[in-house]
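Read from first to last, the chains carry the letters A, B, C and D; within each, the first residue is number 1.
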Amino acid sequence: MDLILVNLIDGLVTGLLLFMLSAGLTLIFSMMGVLNFAHASFYMLGAYFAYQISLYLGFWMGLLIAPVIVGIAGAGVERYGLRRVHQYGHVPELIFTFGLALLIEEIVQFIWGKNQMPYSPPEILQFTLFSIAGNAIPAYKIFMICMSMGIFISLLFVLTRTRVGMVIQAALSYPKTVEALGHNVPLVFMGVFGVGTALAGVAGVIAGPVLGTFPGMAFLLGSIVFVTIVIGGLGSLWGALVASLLIGWITTFAASYNVAMADILMAVGFEQPIDLSESAWRDLWSLTLPQIGPILPYLLMVLILVFRPYGLFGKRDV
Amino acid sequence: MSAAAALQLEGLRKSFGKTEIIRGVDLSIAKGERHAVIGPNGAGKSTLFNLITGRFPPTGGKVRLHGQDLAGLAPFQINRMGLSRSFQITNIFPKMSVFENVRCSLLWAKGYRYSFWNMVSKSRDLTQAADAILEQINLTERRELPAGVLSYAEQRALEIGITMAGGADVIMLDEPTAGMSHSETDYIVDLIRQVTENKTLIMVEHDMGVVFGLADRISVLVYGEIVATGRPEEVRANPKVQEAYLGAALEAEH
Amino acid sequence: MTQALHKSTHAPQGGITLASAMPWIISTVVLLVIPFVFTSNSAITIMNQMAITIIFALAYNMLLGQGGMLSFGHAVYMGVGGFMCVHVMNYVEDYSLPLPLPLLPVFGGLFGLGLATIVGSFSTRKAGTVFAMISLGVGELIAACSVIIVVFFGGEEGVSGDRTYGLPFFGVEFLHQIEVYYLIVFWLILSALLMYLFSRTPVGRMANAVRDNPERAEFLGYSARWVRFFSFCASGFFCGVAGGLFAINYEILTEENLNLVQSGSILLITFLGGVGFFFGPIIGAIVFTLLSTVLSLQTELWQLYVGALFLATVMYFPGGLAGVIMMHWPAFRLGNARMLVLPYIKTFIPCLIGILGTAALIEMIFHLRHGAVGDEEMTLFWTTFNVHAVLPWLIAIAITGAAFWLTRRNIPEVVDAWHRANSLPGAAT
Amino acid sequence: MRNTTTLGLTAALALSVSATAVWAENIKIAFIDPLSGPFASTGTNGLHQYEFAAQTMVNDKGGVLEGDMFEIVPFDNKVSPKESLIQLQVAIDQGIRFVAQGNSSGVAHAITEAVEKHNKRNPDSRVLFLNYAAVDPALTNDKCNFWHFRFDANADIKMDALTDVMAENEDIAKVYIIGQDYSFGKAVAAAAVANLGEKRPDIEIVGNELHPIGKVKDFTPYARKVIASEADAVITGNWGSDMLGLGKAIIENGFSGPIYTYYAAGSGMTGAFGETGKGAIRLVSEGQVNPPPTDEAKAYYEAFLAKYPDGNIDQARISNVIGMLAQAINEAGTATDVVAVANALEGMEYDSMWGTKIYMRPNDHQAIQNLHINAHTDEGVTFDYDNSGFGVVSESMIEMAGMDSPSTCDMKRP
């Protein structure tokens, strides 16, 4: 029971982190139709920038400045790269972001080298806030939860209570109409792209110290972010939130409970082969849940796309 | 009884959310008839077309083609039963050549289905048929150009060519002359008359000149209901129609 | 068949004319002769790799270019075909079955086809993002299985076989790279020809139609889904053939044949070459294989350059390298290609120098940052110099700057020449 | 037409690569390991150690035979078996007869098989495979061949050493085993279970699980299970970011016991563990760095640092590869007849500057040497890693570990 609570908290941390990435991505995707493959790369840039800044000005300045730089970089990419490719259609756009992801990883390696960076949480948060049955909950985790919640609430506020938010919301559902109404859609695009990447940057700043700051961090997270927004349904911020939490909890719980395939197979009446090492099915018999935990989201996505192509909360086709 | 009607609509309804766009349409179109559907903007003409051709599922009612219920059939299945349509917005294959456009539209009708053992270029039959259609729609000179670079009228002609190429006996044209000059319109009307010889034609059209010139019978659709059906002169004389629609339109024309 | 052949010579469109057969004949001759020109084993190894990549890229382009379907997990069809081939290889060896090696790729093809049939049955219902994301998910799932299902995929070390298992095939034992080369070339020509012909069949033509306008295609009697499905299966078959050839050439298949990196790079290769033309992926495969095997020997930063090249291609030449080549076709036809030569030389040589200069500067910065202490010497373009001295930097910057300045200055001339070359003789002023 | 010209260009380039074979004066050793991509840091650092060893131990001392110099030729294999095989072919074409590789047992399997096939099919250009770090036991057991020599202790021998030390620790009553889901992770788990069962049957194995390799973003759930199991010690074979992620998660979530592992030092790992890992991380390795075992080793390390201030000697065996190869070439009197060199390597006893004797066991080509269990700490560190102030200090030593370990190798000699 205690472990469940601990897992809920851990899953919440993962889920909210994922949400900070998927929120930006779903906004970008549904407004511009661009599957931004480089989104996780901006997350990585956030972590690296923050690390570099933290060397001179400390963690908090990093948290403040790095996302801004990432956002500006994102807006620049939209303005000088994506906008140019936009005229050729969606596939080249997508391939552009794909190439951009490769290039950013190379540039990061060029500047910072290939090793993991010793980027760690600020001293002030390096203590155990409380423990549940011997499981320490570091203060930094609670800080991460607060940060992401704060961002979600402010995002919600901006989207529902401000003029800009209204335009964006309208553009999510009726992109062409909004343009026809005379709004400067390119500027909105650039803004959304910048804000979306800045959000990814924030995620990078706060995740870098716990999940590691290394050149492979974008690749590790990259495709799972897509999976999240596809499961949640495009253009739906709530969908992104629900899917992020869902994936956070699924992966956490899957890793926590050693459900063995052998038990399931025996429960439904199969007989375990006597000599497992010779059986052609030995890999199936020895399968456990933690082994496949991280790929469960992909399975979920394929199933959802086959049976409900617009995701959990989406209104349009993906 | 049903054998007589090429296309029969029975109490066809369609709602989008709470709004009912088509409110119970009954219509029977005989074989070989040229039938026009007219009506003011927003009357639901295009929706009606889309319901018939399976683009949208109807909320209620039935569509019968040669007596067969079309419920639940996909567009390609309806097409194979002998119904072909054009679109209001030009809907061709812009990156392929004009000749290719026509040839593609012939493939199914010529029985090639999903074959991957025939070379299309080796079939003399196919090439000749496609060239014949190009001749008919007057685009032989444009044969090798990508369809996307044709003029608007030429694209509309190509659209009609594609629509009737498959040899369907029921042809539906959605505003074939929309956005055309007078001379272009004349060209298209001649074309339509020529290619729909002995076929059933259903069309939506705004240009009254075209409608009265081509149609054997006319239905007037107002707010999702057919207020009148009959021969052109009957419809013209119908006071209900004049009140709802025709009067204003005729005034505008003269 | 023969009858059709005879008839078609008169048909205005079709048939095998000398002009249409010429590229095939020339390619075949070149492929046959080239090992006599470049005899080293490594050149042949690289060419083998290229040929396999070409088949894979062409098969991928059946989806991306011809059918408009973007797949993010296409490596699995090649990979699974290859894995099956290694298993067949081992099985045939264990039971001494009379299966000659050259026929092995057929099995790869059939298993690729089988997998594509299963996956295609649900993934091709929609095109666009749904298809792309399903392909990503399936690709990731199968790649993940490769380390879990050890019986079939062999875990991390993969599965390996021995291609010299059987009796000699007409005296050839496939001991040497050169014999494998000719085997691969045979399959390359055969598959490329079949894929080309596929694009000329009704289903191949309709694949183009569905790509351009699925709705219209539906109203022509074709189910867009089935057309996509058939393209997908055909692509799976040829991917499997490529996998079979991979199994023969390397005699080992591992997890890397299935993973997303492989799937991503085939997308890059195809796009780099150009999706709009049949021969585009061929160019892409050749260039990319060269970059990854030869450039990577020259510099650690090769992926940086490949990334930059790729991005530049997407931004400035969305038609890929094939698009760039075909851009010049009208000028050739007008007989004006000569007009372009001089302006091109005047512009692109400085441009090339500028790019090389930039690369040199990048290499110098890299050496300065990451080189060993005391190791101040570096060699670039056959020149050895001290990176810590100022002079080399000044020279590099000056050359690069001057080259780009020259390029900029000459661009209007190229544009002008381009317009003249592409206008009819009479219209030229 | 276009494709043909491009193809010509290709082959021309490929030829220019192979043309370098003409100047083969030096004895070349191909270094086939990742120099780009995610594992490049390990590869690059390894390359530096090779180049330094060849320079200091051979070339500066006048070379081998009649003054022939060693030259390390780097090839980037991107940890891809396919690329490795291509680069192997390029290396062979350049006239290289010695191939060194270490990162990834998967690549090592590909290379050892390719080398065996190549040597069988091309007796004129045989090559030796000097495996300096791939530790899958199969390479010197079922999959062994005459051309393969392993200079590192294999995973089983290392686990034997680790469990020797664990067995002496009376505080350990419960052990948790966790590893990456692939051959090496499974081999580690199996060896740990077998060894512990034999040496300390009273130890309870409270957890034995695998996680997907390179796919876990957050190791917290795994750490929770370790803590919930009340284990006193953890055994893992993880490497790379999986090691760092797992180690940090376990420690930060409240685990205070030792974590016994293989690869938790160098390549940025020591720096990233820093204070967190102190007192927890124990790793097994050959070659003692702290305290420096001999003056020679100390001078060697200092000279290395003078050249590569950011570098680490985290693979002492690299210098053993160079030293043993040089000795074998001198004994055989030839560097071109690799069979003679291999015969000289077989059964060689070599005195390493790292304070151990190395015996190349003839029946399976597995090097037998002293192993150390090191602690990650900042106390008593002469040579730190990653310039972090932290390093590894030898806590205990197992002499000639695995000398009598069994091998299923059935060596076929030419």
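Assume a contact is a pair of C-beta atoms (placed from the backbone, for glycine too) under 8 Å apart; a residue touches a chain by one contact, two chains touch by 3 or more.
For each chain, UniProt lists the protein as follows: A = Amino acid/amide ABC transporter membrane protein 1, HAAT family; B = Amino acid/amide ABC transporter ATP-binding protein 1, HAAT family; C = Amino acid/amide ABC transporter membrane protein 2, HAAT family.
On a predicted model such as this, the values are computed, not experimentally measured, just so you know.
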For chain B, the least number of touch steps when starting out from chain A: 2
So which chain is the furthest away from chain A, centre to centre on CA atoms? B
Any idea which two chains share the most contacting C-beta pairs? C-D
On a C-alpha centroid basis, what's the spacing between chain A and chain D, in Å? 35
Using mean CA coordinates as chain centres, what's the gap between chain A and chain C in Å? 32
Centre-of-Cα separation between chain C and chain B, whole angstrom: 44
What parts of chain A, by residue number, touch at least two of the other chains? 113, 291-292, 294-295
Find every residue in chain D that makes contact with two or more other chains and list them. 40, 44, 181, 212, 215
Using the touch definition from the top, which residues of chain C touch two or more other chains? 144, 148, 150, 301, 303
Which two-chain combinations touch? A-C, A-D, B-C, C-D
Within their complex, chain D touches chain A through residues 38, 40-41, 44, 181, 209-212, 214-218, 220-222, 224-225, 227-228, 230, 241, 244-245, 248, 252-254, 267-269, 271-272, 274, 276, 386, 388
So, in the complex, the side of chain D touching chain C is made of residues 1-4, 6-15, 17-18, 35-37, 40, 44, 48, 75-76, 78, 80-83, 85-87, 89-90, 92-94, 104-106, 109-110, 113-114, 117, 121-122, 136, 138, 181-184, 212-213, 215, 306-309, 311
The residues of chain C that touch chain B in their complex are 4-5, 7-8, 11-15, 197-198, 200-206, 208-209, 212-213, 215-224, 226-227, 230, 234
Can you list the residues on chain A that touch chain D in the complex? 3, 6-7, 10, 13-14, 109, 113-118, 120, 128, 131, 133-136, 138, 210-212, 214-216, 219-221, 224, 251-253, 255-256, 258, 288, 290-295
Chain C partner contacts - residues on chain B that touch it in the complex: 53, 55, 74-77, 79-80, 84-85, 87, 91-96, 99-100, 103-105, 107-109, 112-124, 127, 162-163, 166
